[in-house]
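Note that the chains are named A, B, C, D and E in the order they appear, and that numbering of residues resets to 1 at the start of each chain.
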Amino acid sequence: MTLKILLLTAFGGAFVTYFLGKVSSKLRNYFAVFVSLTLFVAVACLYGKSAENFSYFKFFGNTLVLRVNSLSWFFAAAVSAFGALSVIFSLDYMKGKENLDFYYMMMLLVNAAMLGIVFAADLVSFFVFWEIMSWSTFLLISYSGKNALPAGIKYIVMSLIGSMAMFFGILSIYVNFHTLIISEIARGIVSASSGYKIFILVLFGVTFGIKSAVMPLHTWLPDAYTESPTPFSAVLSGMLTRMGVYGFLLFFYVVAGASFFFDIDAGISKFNYILCWLGAITIVIPTFIAMLQNDAKKLLAWHGIGQGGYMILGIAFGTSLGLAGGILHTLNYSICIVLLFMSVGAVEYRCGGVRDLNSLGGLIKKMPVAFAGALLGISGLIGLPLTNSFVSKWLIYKTLILKSHPFLAFAALIGTWGTILSVYKFLHNNFLGELPEKYENIRKSPVSMQIPIIILSSAILLFGILPGIPLKVINTIITSFGFNSLNVNLWGIASETGTLNTINIFTAILIAGSVIWMLFRVGKKSFPVTQDDNYAAGAYVPAGKYNYTADFYAPLFKIVKPYLMDFADKFFGWLCRVFTGFSEGVRKIYAGDVGYYVLYILFFAALLFFVQSGGKSW
Amino acid sequence: MVVSPVLLIAVPLLLAFIAPLCGKAAKYIPPAGALFNLILSVILIPTVLKSPMIVSIGGFPPPFCINLFVGPLGIFFAALISLAGFLISIYALSYIRERAVGKYHTLYLLLLTGATGVVLTGDIFNLFVFYEILCISSYALTAHNAHWHRHGTEAAVKYLIQGSVGSAFILLAIGMLYGFFGTLNMADLAKHIARAHSSVLFIPLTFFIAGFGVEAAIFPLNAWLPDAHSVSPAPISAIFSGIAIEIGVYAIMRVVFTLFGAPLSVMSVLLIVGLLTLLVGEICAFRQNNIKRMSAYSSIGQIGLIVFAFGLATKSGITAGLFQITSHALSKILLFLTIGYMIYSIRMKNYPDKYVTEIEINSLNGLGKKMPLTSLGFAIAAFSLIGFPPFIGFSSKLLIVKAALLKGGIYAVLMGIALIATVIEGAYFLKVVQGIYFRKGEVEGIKENNVFILVPFFILAALIIFAGIYPGILTKILNSSSGELLNRIGYIGRLPG
Amino acid sequence: MRKLVSIILLGALAFGLVQAVKKIPFGVQKTKVGKYYVERGIEDTGSSNIVTSVVLNYRGFDTLGEVTILFAGAIALGAVLFTGKKRIEREVYPASPILSTACKFLFPLILLFGAYIFIHGHLTPGGGFQGGAIAASALLLIFLGCPGRKTDGRKTRLMESLGGIIFVLAGLLGLAYGGFFLFNFLPKGTVNNLFSAGIIPVLYIVIGFKVASEIAGILDNLFGETE
Amino acid sequence: MVIKLIALPLIAFVIGIFFLGLFRKITARIHRRYGPPLTQPVIDIIKLFYQKSVSHGRLFDFGIIVSLAGSLAVILFLPFAGICPLESSGGLLVIAYLLLFAPLGIALSGGEAANPNISIGISRKLILSLGYEVPLILILLAVMTHYKTISIAQIVSMQQKTGWAVFSAPLFLSGISYILILPAMLGVRPFDIASAPQEISSGVKVEYGGKFLALATIEHAFHLFIGISLFVNLFLGGGNVFVFFLKMIFVFIAGVFVHSVFPRFRTEQAVKYLWGWPALIALLGLVLAVTVK
Amino acid sequence: MIFYIGSFALVLTGLYIAAAKKNLIKIIMGLSLVDTGVNLFLISIGYIKGGTAPIFSNAAIPGKTMVDPVPQAMVLTAIVIGLAVTALALSLVIKAYYHYGTLNVRKIKELKW
């Protein structure tokens, strides 16, 4: 019952927000924040509960059911938390824009739909919420107009392709097993033939692959992330894209079942290895493409694709460690990327919508909180020890190495290096280097932006030092999939081949740091100078020309640029052009000449004759 | 007391005859007639669901006189027609306000009557007669205000030529059937056909499909549709897309299922034709710049889906097809009406003296702010047509896919191809939605304040959402309707004597 | 090319048609329904013209539709040709006196003939449609022979509508009296009398007027822009 | 344990500083100069601590501390002749990550100043690291795959059973590759593009003076120590303190020779070189390690 | 049989005209031909060799020799429909000429694609 009320609150809150906006914009803002926080609290209260198959609705005589278990709780908590933070972040960011009622309604609606997805226990509700999420996302992506419109179309077309695949798959399952409830399907599917299983998994793989932007299907993502309003970019990257990961988990481990999922032989290789390789490709290529980007959000967007690869890799590889790593990375990555988008948003907000990395710089003094957020965010993305992603990445690498898949591990590790390069560029070009003169008078980011940034930054450190907090939940998830339980404690994970102990690392660095700090204090006190007071080897440096942030990786560009085209995007673009041409051709059928039209009728009749005269007599 | 269903035809006819005498008040007659029909058909539904009503005209036993066969299918269609007719006529009260207004309303009511007659009658020639009423009023309404409407005239001429060829085919087929079996009553014909072992029966069937196919707008026969639907005034486009072409489909299905017992070869041809219609319609719509023409092509696509569903020839398939008819009718009517109101507002602002019924998609840019309710209606209709939940289009798509998969094998593959069309549909409709809401346009001074126009939007949108969330309200009548189509023996058995 | 294609397609159609027609026996068999009408027609309807009894009684509903089609056609024509202006006053070239006198002389006769046809529709060949058409031809004669003369649009329209209304009302009365729409509720009388066959002559007269005025209206509309 | 914790950094410091002195001495000798005394780096460091310096802000201070702390922490995780206080805390992967602290810290520190040389230096450093990381990761993977562990201590102990990895059958290619990229890792010529004193005034370190420069020098010393000892651990089979030290000296001197005779690469030349033969050999080595059990 | 063939010849000729001719008036004439052909076909279906009109002008006429009345009723309806359609078509042609200044259907092609 609580779930039903929860979802009703979520959806109802969205619509009420819209109408409140007609009354007063202040009221609407407070209400939106209130609703999203309420949802977060409500979801948090569900911790540890597991209620299976609570029916809430009838649709064509099928009972639709909801459930909460550790998997859905994990995702629901993340969804509601990021949702609430983004709404808070929006308060100032969106101030003064048009159609705010609509914006807040859609934000809450996306949120509600995602909650629906994770709580759905039958495939129809899953699909319904999935589609609501798709179209409300589409509207939000298009919200900014201009360049956002093609991005929105790109998104929704790919999303529709995915949903149609899923739709087909769902009904195929329904027709074959006569039930829509996930737990019952899981029981029934065991007896299915292996060809059918591959078919189903491929269908769903396409859907979730598109949503989580696995490599050849990722092309919607860079544009969508870049063009949507930044708080929504955060939601989009943080949770919405990760619904694909949730889908993968759900379908591979709950519906198909783990033992079964690994047995599938897809001709050349095992199904999950193919997926692993897709994940590996997804890690490497987008991360390197990200280096070439000069738009801060686009850079992060390409990262979003790349980091998605880790999750897919971990999940598809599917040992308890890898799976735990994949799931944990989902959370960790989300925290980081939301944080990064928010600091971009703060910069954008203060710099008048500028995101071009070549024209920013030196904002560290002006916006320290945003900088701190960005610093922790990139550390997290890189996976520096003591930040959250370190743990998840470590788990994934370790699995890959120990299970003798060094090539996958290579992709993962080299992806990390690509990440370092690109996110460092992001940090440096935004916050470090010289401050352009026009940004001299920029103020700090507003409080409503600082709050989420601070919360998320502390989360990065918290989960980095005490990874046991999320890992405990994840442990229950993977045991519910039928994997071995992990030996998790609060500060790490112990296993037979190499133990991770973050507290050791933490103390080591802390001690080393304090030693060095003392050494530092011993030395003669330095005196502060302004940023521009630099050693230039006696050469004259004209003002404003210090900034070497433009074309940060120029030497590298020369080498890698020719190889780093987005072939998938090119291919889809080509496909679109072909289709457009084809459509132009097909239209010519309706030539405007009524004589032809009569001929069509005659032709049809004659054709029917020939077809039918071969038919039976009756 | 049971009301005679014949009133469903007689009363609107009477009103249609009265209409020309009413002068300016003529515009209130179509809503009155449609409302009467709506109430009557809803009242009749429970009775009909128990057992179909056979109403003979003139008081003779049925094979010898014309009879109405008021089964679940017929009453379902009658209710749908009158519902659509009622809403559109309310809309038209203030939308159609120039020139030949009285004639417009008379013809409109005649169109509704013709459609109702087609779905209720149990006599093949009578069906043809009502079909002709429908067609002639359609031709004329396409060319409404022909003197000011260059494209309307052209479209009407073309429509008329193709429609006449189709009608001739139907009449030929009826003649042949009469020649073979000497009767015109459909139940009687079905009985004979079921017994016959003739290798040439496919010829009248072919002519029937080719003839009704023109009105049903299946693939190569639908060249009139984009023209006629795009140039006629919005209420007419709406009734065409929402009702008229569905009547064509009904006629085909009645002939194929009831008269000819759905032979496999025909059904597979229909399936392929439906698929082709779907794909061609959506592909053509993809590159349209004219919003109404785009919607018209989308209608072709939806009709294709309907025919595809019927072509499955299973109970679930037919139920799905009927559901799709409902969903398409509601959504497309809402779509055309909202588009019409937008066009109307733009026209009133920019060139009040010209008679404009179609417009470029770009002209709608930015209307979302000035006409919020209309734009919302458009968005809901578009979403429903694409098949997004929680709108009704989703339920119908669900049923169709389910039906195809239940049949399995090659049908599932074809269904997979058909789903591609949804993607295309999504692409072009959502582009328009984006334009309306998120693009900037010259929309100064445009307002929406006409209650008569907005009320139908509201009702239709509410129905779309309600039926999308609770599709169960329709399943009972649709199930027995599909039962009626499939149960040929039952249909024959209803014939007294 | 187009011609060739159409000939090929028509050839295919012809092939099909011929195949079908081979199975339809020509000129021998009496169909079941037709036989029933011929045998029972007089008894059932009281009309000695079986075609009329079929048209107006057995298949009266078709005829109602037919009337409606004509009505729709007339309205449609008016709607299509509607220009919103009063009739453009054209220069009228008067016909020769011989022509106009002859027309005027013939006009009542033709009208009378038409009336005869539709009044005796249930007894002799002919009926409302035929009679109406003949009566309309009288009007056509006037239009052609006496330029400048025109019908009163409002009266023709009134007549059209009234015709339709009476037809439907008769049907509804049948429903009220006999429980069947278009039920022949009037006494059938003696066969071959003028006053026989119940509502058939009434309907045919109504149809006659209606058809005449409709065709006249159509002609009038086609003659020039109206209203 | 505690003794180890204290001793290891000290050893590393001594060896690193010794290497720095040796470095200058050998280079000078090759250049037919006399060169500074071996203790010159120590003198420099002490002197620098007492010199005044400028600071551009908190991050400027913080970065250098982080950098040095990172290096120091790595030393605690890296066995030196079997001495490894924190070996069971994540192994090679943790080291690979901890190695990031040093360059990132310095880059962050430099970033707060607006000197263009710093940006250029950072960019070059990052590109260069990407260059040598490709073969390096392949090499490390080959080692880890072959020995089926991520713990360096275990790798060393296994080598002591089976012989040096660089001479053992599946890993010799990886060893060769490691040798080829070692100069790049140590940042010696021809790969000193990131510091390149003549071009960009030592790059990232251009704004450092006084204690900052002192700490940076120490960091450099640690860096040399780590880079070489990692190689010795992974490929030369470790050994007791003395052997280990000898091996390190040997490797180091070889590196200095290379440094002394080669001119500097341009950035793209360096990356092209590193992604060429070394990467190819490392890839083959990995294939070998996977296939040969 | 010849009646059938004759009526079909009319139908096919009409269709040919509708498909191949350019002039709108001719096309409409073609459609009328089709109508006529179909009507003739219907009538000939109802024909009985040596049959008389189904009118009992005196009761002595034997019903057996009468032709089938149903096709005649149908044809009556069909003729009226044909009339209505043709009239409407001609009025539309008038308007088409008014707008386009031509009756050539190859030139009345503003609505296409």
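In this section, contacts are C-beta pairs under 8 Å (C-beta built on N, C-alpha and C of every residue); 3 or more make two chains touch, one makes a residue touch a chain.
Computed from a predicted structure; not experimentally measured.
Asker: From chain B, count the fewest steps through touching chains until chain E is reached.
Answerer: 1
Asker: Under the document's definition of touching, what chains do chain C and chain D have as common neighbours?
Answerer: Chains in contact with chain C as well as chain D: A.
Asker: By mean C-alpha coordinates, which chain is most distant from chain D?
Answerer: Checked the centroid distances; the maximum from chain D is C.
Asker: Averaging each chain's C-alpha atoms to get its centre, pick out the one most distant from chain A.
Answerer: Result for the farthest chain: C.
Asker: So how far apart, in whole Å, are chain A and chain E when each is placed at the average of its C-alpha atoms?
Answerer: 67
Asker: Could you tell me the distance, in whole angstrom, between the mean C-alpha positions of chain A and chain C?
Answerer: About 73 Å separates the centre of chain A from that of chain C.
Asker: Find the geometric centre of each of chain A and chain D from their Cα atoms only, then give the gap between the two centres in Å, rounded to an integer.
Answerer: Computed from C-alpha means, the inter-chain centre distance equals 36 Å.
Asker: Roughly how far is chain A from chain B, going centre to centre by Cα mean, in whole Å?
Answerer: 43
Asker: Which positions in chain E touch two or more other chains at once?
Answerer: 11, 15, 18-20, 27, 45, 68, 70, 74, 77, 81, 84-85, 88, 92, 95, 108, 110-111, 113
Asker: By residue number and range, which residues of chain A touch two or more other chains?
Answerer: Those would be 587, 590, 594-596, 598-599, 602-603, 605, 609, 613.
Asker: If I count partner chains per residue in chain C, which residues reach a count of at least 2?
Answerer: Counting only residues that touch two or more other chains, chain C contributes 2, 6, 9-10, 13, 16-17, 19, 21, 24, 29-31, 33-34, 37, 59, 62, 65-66, 69, 72-73, 76-77, 80-81.
Asker: Taking the top-of-page definition of touch, could you list the pairs of chains it picks out?
Answerer: Those chain pairs satisfying the definition are A-B, A-C, A-D, A-E, B-C, B-E, C-E.
Asker: Going by the contact rule set out above, which residues of chain E touch chain C in the complex?
Answerer: Against chain C, chain E makes touches at 1, 3-5, 8, 11-12, 15-16, 19-20, 44-49, 53-59, 63-64, 66-70, 72-74, 76-77, 79-81, 83-85, 87-88, 90-92, 94-95.
Asker: Applying the document's contact rule, which stretches of chain C touch chain A when the two form their complex?
Answerer: Listed in rising order, the residues of chain C that touch chain A are 2, 5-6, 9-10, 12-13, 15-16, 19.
Asker: Chain E touches which residues of chain B in the complex?
Answerer: Touch residues, chain B against chain E: 125, 129, 132, 136, 139-140, 143, 146-147, 150-151, 153-158, 160-161, 164-165, 167-168, 171-172, 174-175, 178-179, 182, 184, 226-227, 230-231, 284.
Asker: For the complex, give me every residue of chain B touching chain C.
Answerer: Going through chain B, the ones touching chain C are 4, 6-7, 10, 13-14, 16-21, 55-60, 63-66, 99-100, 103-104, 106-107, 110, 113-114, 117, 121, 123, 125-126, 129-130, 132-133, 136-137, 139-140, 143-147, 153, 156, 172, 176, 178-184, 198, 200, 203-204, 206.
Asker: Could you list, by residue number, the parts of chain E that touch chain B in their complex?
Answerer: Going through chain E, the ones touching chain B are 11, 14-15, 18, 24, 27-28, 31, 34-35, 38, 41-42, 45, 68, 70-71, 74, 77-78, 81, 84-85, 88-89, 92-93, 95-96, 98-100, 108, 110-111, 113.
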